[in-house]
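Across the two complexes that follow, chain A remains constant while its partner is chain B and subsequently chain C.
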Partner chain A sequence: MRELFPMKQVNGFIFSLLLTVVALSVYFLEMSFQAGLTILTVTAFVQAGVQLIIFMHAGEGEDKKTIYASLYYGIFLALVTVFGSLLAMVWGYL
Partner chain B sequence: MEFFERFAIPHPSPMIYASMVAIGLVTIAIIVGISYFKKWGYLWNEWLTTTDHKRIGIMYIISALLMLFRGGADAVMMRLQTAVPENTFLDAQHYNEVFTTHGVVMIFFMAMAFIIGLMNYIIPLQIGARDVAFPRLNALSFWLYFAGAMLFNISFVIGGSPDAGWTNYYPLASTDFSTSVGVNYYNWALQISGIGTLMSGINFITTIIKMRAPGMTLMKMPMFVWSALITNIIIVFAFPVLTIALLMGTFDRQFGTFFFASENGGMDMMWANLFWIWGHPEVYILILPAFGIYSQIIATFSERNLYGYTSMVVSMVAISLLSFLVWVHHFFTMGHDAMTNSIFSITTMAIAVPTGIKIFNWLLTMWKGKIRFTTPMLYSIAFIPLFTIGGVTGVMLAIASADYQYHNTMFLVAHFHNVIIPGVVFAMIAGLIYWWPKMFGFMLNEKIGKWAFWFIVVGFCFSFFPMYITGLDGQARRMYTYSEATGFGPLSMLSFFGASLLAAGFAIIVYNIYYSFRNAPRNIGDDPWNARSLEWATHNPVPEYNFAVTPEVVSSEALWDAKKRGHNLFKDKIEKIHMPNNTGWPIIMAGLFFVFGFSFVFFIWAGVILSGLAILGCMAYRSFEKDDGRYISVEEIKETEDKFGGANE
Partner chain C sequence: MKIDSTQPLEYSTEQNRLNILGFWIFLGAEIMLFATLFTSYFVYENRTGSGPGGADIFEITPVLIETILLLTSSFTIGLAIHAMRIQRTKAMLGFFAITLVLGAAFLGVEIYEFIHYYHVGATLQTSAFTGILLTTLGTHGAHVMFGLFWGIFIFIQIKKQGLTPQTANKSFIFSLYWHFLDVMWIFIFSFIYLKGMM
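What follows is the complex of A and B.
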């Protein structure tokens, strides 16, 4: 029975529900803008990770290496785009 | 009548009315011609509904050539207008529309279509596959591109062309300053064809990763396949940024948001920022496949293995990464501090290193080679010095402090044409001539081809080198006229002369196609260039199933080593082959997208909703459709192979 029961997926499901509740708390609880945005950012990225690894089986196929490589490349470019834009549009003015 | 007033041209001129008549007449002529020769069935069954990567590739290339002549006509008009001071051939508004259209058509609908067309035709052949990974998606990609291109091309006769430059900077492109529907056309035409491009990117990555012939490890792929793989990775990572930027622009113009507005918390230069986050990688999307084509051609006609295979691959990977780190160099003059500009200045100059490595690799491939000066080789040889000049002026532009002098002058225009024409356009022509026998089973005439080559190379030099000088003297780009006192007259006239030579060169290419179609011999064999990669191991023109037997590969120069060392590429017996069915859904869906885009441009909400629902309906239908493809029987394959003079077993 233990082999058949998808423990990992059920735990992942509960965990992702938990993340949603935490994210929702930003709306229902009083907190500063910065704190709220920090919570949203962190929960969003963890949520994306949970979905990719547990429910989209990113690490299970023979393509594991390709999938993770493109994932890292995507994360790198997203960070470059966001922080590069901040540098170009907001920070880069003395 | 009020409904139809929105379709009127805001700035009509006799030339536009003449174009309307011409478009009408050509459309009627095409319809009458096809009906007269009873070709509708042939056209629909063999071409419009095809999922064959080779036919889709050819359709891409035909569209790209049409767009080349559309954009080329714009270019000649611009050069004619600026040939003499105070010219009145075009007025300011019309000139704005012409340079905008020229840029958009040449980049999105000519160059992109040309490279995707060549990739479509060649990639599956070079990796020994029978089609791309998702043949039906491939057809949809093409038809979405085509719908976008047509939507863009009707803008100048219905409602008015976009006129804010191909970069479409806000706030100029906002409804405050661009009041016609032109920029809506820009947004929707690029959005629709962009979806097609993104799907192509996913399709080719999957094809190259998953469908290579047995034995072809990543480091044994022909260089064009490598360049295509990296290009498509850049496509997949860069195009979403354009999609979102276009969507934000659409919201600004059509729903009154303030993303790129100058007031209410908007940030007008954010468009420029997002546009170039996509736009600079786009430059490498165009140039990397060109590098791949040159690598194939130079190795073939030097009769040597490509020098420095590994360094070629590493430098392309480096370029793909660096291409995402340089975009701010397009707006150094926006007012950043020295630190920000220095960062992007250095990343920009760093790109010169991997590019330089590639240049030396090509030179060393030719070193001590048995060089054959065929037409494709001539383009490749001309590319090396001309592209290097463009690269060196690029490094000049990369110096942020000096860029304050060059920014938005003709020097910049000269620079990017200097890299794009010898880089991309020469490669496309060279690739087309090189693979022409593969596609059509006869060769283009070499003598006429060389005439065209000299016209194009000399014409290119005369067109663009004068602009370096006038640009340094302060001639701004996108100015429709200038006074005689500026002294730009003689050099601009020289530039017009060069543009005429270029136009003549392209006309000669068209004549060459006609001449060779009439006169060229058809018995050229499978390998007329004595080439090195796998696409030449099958017949000319290629049968539907590409290879009767899946080839087995042992080296990166698969066919060459098979010829010289006697490897047997085709070891297995002929078996029945699984092929995709034709389908009419892609063209229907793209037609619906066209209606969707057109309605959106003109705020016709009923059309938007109906076509939107129909598009979703097509997708839903597709989800439940069962289509397992079909099999080509062994007898049928043997029959086809015999026609080509014996199965290659």
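What follows is the complex of A and C.
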């Protein structure tokens, strides 16, 4: 039975539940919008990292470099699209 | 077909390795699909017209249940892949089944949520905000729905054929897809729901 529950994955799961609790604090506790958004950004990206590395085994296998390259490219384009659009259409620019 | 027995079953042939790499590249494109949805959501977030805003319609309880269901299912599919790697076919099928049940429960709660939105007057046509909200949630939900059927078919194949390089490869790729959906849900949970209710 024990060998079916590797420590690495159990810890990853507990850690991801903890991150969810921390993220929930922005709803249950009083805080400024900026502080809340900072917490959410940190917890969301750490959570994504936990999934990618512990559960998706992104770092194993001989195609590791190619996998990371395509991931970084996807994330880079995603951030440029989101923040570029916000800059041009919501925040305003001079 | 050359089988390399030093590798886990899902990586054991050249074709298997390339399938996994190809799927990662597909996930890169999926990141962009969700990025465009998030972009539109952030741009239209405050364009509520005469309809309700996020804080008016979001409910913490169903959102929390959905999050826990999906996080747990992501954990159990991880355990299924681990069981697969140590050749425990029965345990693997068990974890796989739990994953699919949790996924179905997630969809159930999400359908409840959509009915709730309809009743409080937040439909696809209400405002730019509700339109993009339902499109984003719906795209994620449709992915989960697709994953559910995909998973059921893989489950049946393993039951019939046992763990072969092919079925192991399919299961591993399915697990990547399922974890990816969990990651996307975390972003929806954080930047749509919690941000909206803050």
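Operating definition for what follows: the second predicted complex is superposed on the first by the 84 of 94 C-alpha atoms of A that agree within 3 Å, B and C clash if a C-alpha of one lies under 4 Å from a C-alpha of the other, contacts with A are read in each partner's own complex, and residues count from 1 in each chain.
In the analysis below, contacts are C-beta pairs under 8 Å (C-beta built on N, C-alpha and C of every residue); 3 or more make two chains touch, one makes a residue touch a chain.
Not measured: the values here are computed from a predicted model.
When the two complexes are overlaid on their common chain A, residue A:36 makes contact with chain C while staying clear of chain B. With both structures placed on the common chain, the touch criterion links A:21 to neither chain B nor chain C. In the overlay built on the shared chain, the residue A:87 is in contact with chain B alone; chain C does not reach it.
Of the two partners, chain B and chain C, it is C that touches more residues of chain A. Judged by the touch definition given at the top, the superposed model places A:74 against both chain B and chain C. Looking at the shared chain after the overlay, A:66 reaches both chain B and chain C. Contacts of chain A with chain B, set against its contacts with chain C after fitting on chain A, overlap at residues 63, 66, 70, 73-74, 77, 81, 85, 89. The touching residues of chain C, counted against chain A in their complex, run 11, 17, 20-21, 24-25, 27-32, 34-36, 38-39, 42-43, 60, 64, 67-68, 71-72, 74-75, 77-79, 82-83, 86, 88, 91, 175-176, 179-180, 182-183, 186-187, 189-191, 194-195, 197-198.
Interface residues of chain A facing chain B in the complex, by the touch rule stated above, are 63, 66, 70, 73-74, 77, 80-81, 84-85, 87-89, 91-94.
Residues 3-6, 9, 12-13, 16-17, 20, 23-24, 26-27, 33, 36-37, 40-41, 43-44, 47-48, 51-52, 54-56, 58, 61-63, 66-67, 70-71, 73-75, 77-79, 81-82, 85-86, 89-90 of chain A touch chain C in their complex.
Contact residues on chain B toward chain A in their complex (touch as defined above): 209, 233, 237, 241, 267, 269-270, 273-274, 277, 324-325, 327-328, 331, 334-337, 339-340, 343.
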